[in-house]
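Presented below are the structures under discussion, each in the form of structure tokens.
Each of the next two complexes has chain A plus one more chain, namely chain B in the first and chain C in the second.
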Partner chain A sequence: MKLDPRCVLILLLFYLGTLSSIRPGHNLLLALMCLLPIFLLLVSPVAKGELLAQAAYVLPFSFAIAAVALLRGNTAQAVFFLLRSYISILSVLIVTKLVTTLDLLRAMERLGAPRFLIVVAEFLMRYLEVLRAEADAMRLAALCRGAAHSKLIASSSLGMLFVRSLERSTSIHNAMLARGFRGSLPRLYPMKWEVLDSGALLVGVVSIGVLRWSL
Partner chain B sequence: MIRVSNLCYEYADSGPVLRGVDFEQASQESVALLGANGSGKTTFALHLNGILQGRGEIEVGGIAVKPATLEAVRRKVGFVFQSAENQLFLPTVLEDVMFGLLNQGVAVEHAKARAMDLLERLHLEAYAERNPFHLSAGEKRRAALAGVVLMEPEVLILDEPTTFLDPPGIRELAALLNQQKMAKMIITHDATFALATTTRAVFFEKGKIIADGSTREIIERFDWV
Partner chain C sequence: MHIPDGILSAPILAGFGAASGLSILYSAKKAEASTTANRIPLLGVLGAFVFAAQMVNFPVGPGASGHLLGGALLAATIGPWAATITMTAILMVQALVFQDGGLLALAANVFNMAVLGIWAAWLPFRALSRSGHARVGLFLGAMLSVLLSAILALAQVSWSIGVMSQGLWVFCLGLFSVTGAIEGAITVAAWAAIEQLEGRSGGAKPIFRARYWILGTAVLLVLTGVFFASSAPDVLEYFQNQTGIKNSGAAFPALMPDYEWKQLNGEWLPKAAAGLAGLLCVYGLSVLIAKLAPKGQQ
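And now, the complex of A and B:
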């Protein structure tokens, strides 16, 4: 079953909005809301452990807010903040594993996000790839000449990395210009909203809504 | 087809690179640009579709190359860059090959049919839905070439097209280029490839064309083998 990326995006945003509207103290509601992404994680063909670990990256940031609650002596509230932010990130990560970033960007565009921002994001993805490739090439070259610590190489060569990446990015841009690029990438595959998408959206929104406002 | 007079250009950080280049090329003529690294060959070629804009006059297919005419000029001039990897930037080979046509306003279905037809002729049809980064060097080169040839330019410029290619790949590329009827300008250090694909050559030195003649004559004169 493959849903239209727009449907997935709307459901995700609705879920996140609902999650963020839960006030501290509504622990049962939060626990039930957590079940949704956990269920999705269990049934999806994704690397579960990896996603659970990646979602934990948000904890140091949300700890800043949780710390305020802790300082006030409200441990339950601190745990609530941490859990809510963790589960939010986990939901986003699951979606990014199930739908490609390119499809998500196209869905955003079809839902009205400014085209300019979408194109910038697409290029950012392309250029991040360039940056990574250049970093890998430099690391390999340094290792071949006996450098032992790749982290040291990375930090000392950061300036050079950006110069090389800029050069490659310019080449890519030139190649695009030479083939008539005028500021926006052509769209090849039109998205198709099926009855299944309408059904999934309805079931998802009603289920989350009922859960949120009945407890 | 191409007329260039007194073209001068200098990079901000490295001084003059072109010092008054005069050049003419007829329709369907194939010309090799030879010369040492840094002699100005690529800089010169980048002026022909307006990527670089120096002093002097350039005309391609009767259109003067200037900011207002770039769109029309780029329809006439196809440029295959030295690094095929930099030229392929879309998620699949098919999307990348179609890119130029779609920019010209060709309908998606029509562009797709033409792209698939060309990919078949280049024996790349099996890779249409593959990520271009996962192709071999020769396949990348052919995919990059396909993206440009599909636009049916009147002039095809290739910058060091044999880089990273093995001998069979070079022979295949030469055969492919010889099938193309448009004017061709090939920047190369590979004398054998130049002989196989061009009839005329110009020799660049320190930002100037210092010799112009048959490819064989120029290669022998400068001992460029």
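And now, the complex of A and C:
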């Protein structure tokens, strides 16, 4: 079963919004809300352990806030913030594993995000690879010249990296223009909203809503 | 500074979501009108560049680190409208691909860094560029960009969960002041390098060379460091206290004992004044030594 990325994005944002509306102290409600992404994790074809570990990435920030609550003697509040952050990031992670980033960007565009913003984001993702390749080439050249095994952190190196990446990206862009690029990247598979998506959206919104506002 | 999901309350998210949405819609319109097709790669590359630069963390205090935001560099290079859109694209990709900052919290993060951060950097830069002090404007803009973004992010967290005490505010602002100063210095250095490599430096005034930025950063550290400096004894003093070894006293009376200008009142002023005086003495001595030393040894 493959849902339209727009449907997935709306459901995800609705779930995250609902989660953020839960106030500290409503522990049963939070626990029940946590069951949704955990169920999704169990039934999805994703690396479960890896995702659970990856979701802990957010913990340092949340832990800093939880620590302050803890210092003020509010242990329940601290646990609440940690759990809510963790479960939020886990939900986003599951979705980003099931739907590609480009599809999510397209879904945003179809839902009303400015086209210009999406084009810049797509170019950014494309040029991240160009930048990485240029950085690797510069690093290799520096090592061949006998430089220390250090990261490219000097401002002048950053400036050089920027100019080199810009030159390569301009060449890529010119090649794209020559091949007929007219301001937006072509879509191989057009998005199709089907009855299944409407059904899934309805069931999802009602389930989350009932769960949230009935307790 | 990237707030994750699960921290901010629904009203804060809704309010800043609306503000960010409107700002982005308007900025996209303005940016699209002012950007030719040939400049789109520039936005993409700059975005990728700032994205990569944000991944390099540097220590700013005890157990804390900061990273470049890049708002000032973006605003100075491509203008505020396109910079707002590029920074928003960076934040979107970070949230979607790297889970750095929440997806729902994107509303707040975009407002903090892509709207407020960019305009806070752009306004001083534009104002001072007109009077021929582009680099000073860039430095101030970069600092302001970090500080204002951080203050708003802290305020959002505080409004949402109410756990921020006054002491914590002071501590965080101290750390962000240091981050801001470093951001300013890196931004100016990167800007200078880009200008030089593109061959359009136009003879920048020598007064704004790197040493002045370092000196400025040092002054800022002295003035704000008081807030987050540890009051615990250093290792040697600790050892003395533990072993009961008594200090035999100074051979002559110190001008500013314990790094404090005792004649001044208050908590911050005596320490900051002493730090500043010490800094000036060291700077003066260094300049003197540099002048007196034979050329070959410099």
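By our rule, the second predicted complex is superposed on the first by the 175 of 215 C-alpha atoms of A that agree within 3 Å, B and C clash if a C-alpha of one lies under 4 Å from a C-alpha of the other, contacts with A are read in each partner's own complex, and residues count from 1 in each chain.
The rule is simple: a residue touches a chain if its C-beta (ideal position, glycine included) is under 8 Å from a C-beta of that chain, and two chains touch if they have at least 3 such contacts.
All of these numbers come straight from a predicted model, not from anything done at the bench.
Asker: Name the contact category of A:L177: first (chain B only), second (chain C only), both, or neither.
Answerer: A:L177: touches chain B and chain C.
Asker: Applying the touch criterion given at the start, work out whether A:P114 contacts chain B, chain C, both or neither, answering first, second, both or neither.
Answerer: Second partner only.
Asker: In the superposed arrangement, does A:R126 touch chain B (first), chain C (second), both or neither?
Answerer: In the superposed model, A:R126 contacts both chain B and chain C.
Asker: By the touch definition at the top of the document, which applies to A:W213: first (chain B), second (chain C), both, or neither?
Answerer: neither
Asker: Answer with first, second, both or neither: which of chain B and chain C does A:P186 touch in the superposed model?
Answerer: A:P186 contacts chain B only, not chain C.
Asker: Of the two partners chain B and chain C, which one touches more residues belonging to chain A?
Answerer: Comparing touch counts on chain A for chain B and chain C gives C.
Asker: Using the touch definition from the top, say if A:I89 reaches chain B (first), chain C (second), both or neither.
Answerer: second
Asker: Should A:F39 be classified as contacting the first partner (chain B), the second (chain C), both, or neither?
Answerer: neither
Asker: Need the overlap of the two footprints on chain A, from chain B and from chain C, as residue ranges.
Answerer: 126, 172, 177
Asker: What residues of chain A sit close enough to touch chain B in their complex?
Answerer: Touching chain B from chain A are residues 102, 126, 168, 171-172, 174-182, 185-186, 188.
Asker: Please output the residues of chain C touching chain A within their complex, sorted ascending.
Answerer: 2-10, 13, 24-25, 28-29, 31-32, 35, 37-38, 40-49, 51-53, 56, 85-86, 88-90, 92-93, 95-97, 99, 102-104, 157, 161, 163-165, 168, 186, 189-190, 192-194, 196-198
Asker: Give the list of chain B residues in touch with chain A in this complex.
Answerer: 46, 49, 51, 71, 74-75, 77-79, 81, 83, 86-87, 89-91, 95, 98-100, 102-104, 108, 112, 147-148, 151
Asker: Hey, which residues of chain A end up touching chain C in the complex?
Answerer: Listed in rising order, the residues are 12-13, 16-17, 19-21, 24, 54-55, 57-58, 61-62, 65, 68-69, 72, 74, 77, 81, 84-89, 92-93, 96, 101, 104-105, 108, 113-117, 119-121, 123-128, 130-132, 135, 151, 153, 155-156, 158-163, 165-166, 169-170, 172-173, 177, 183.
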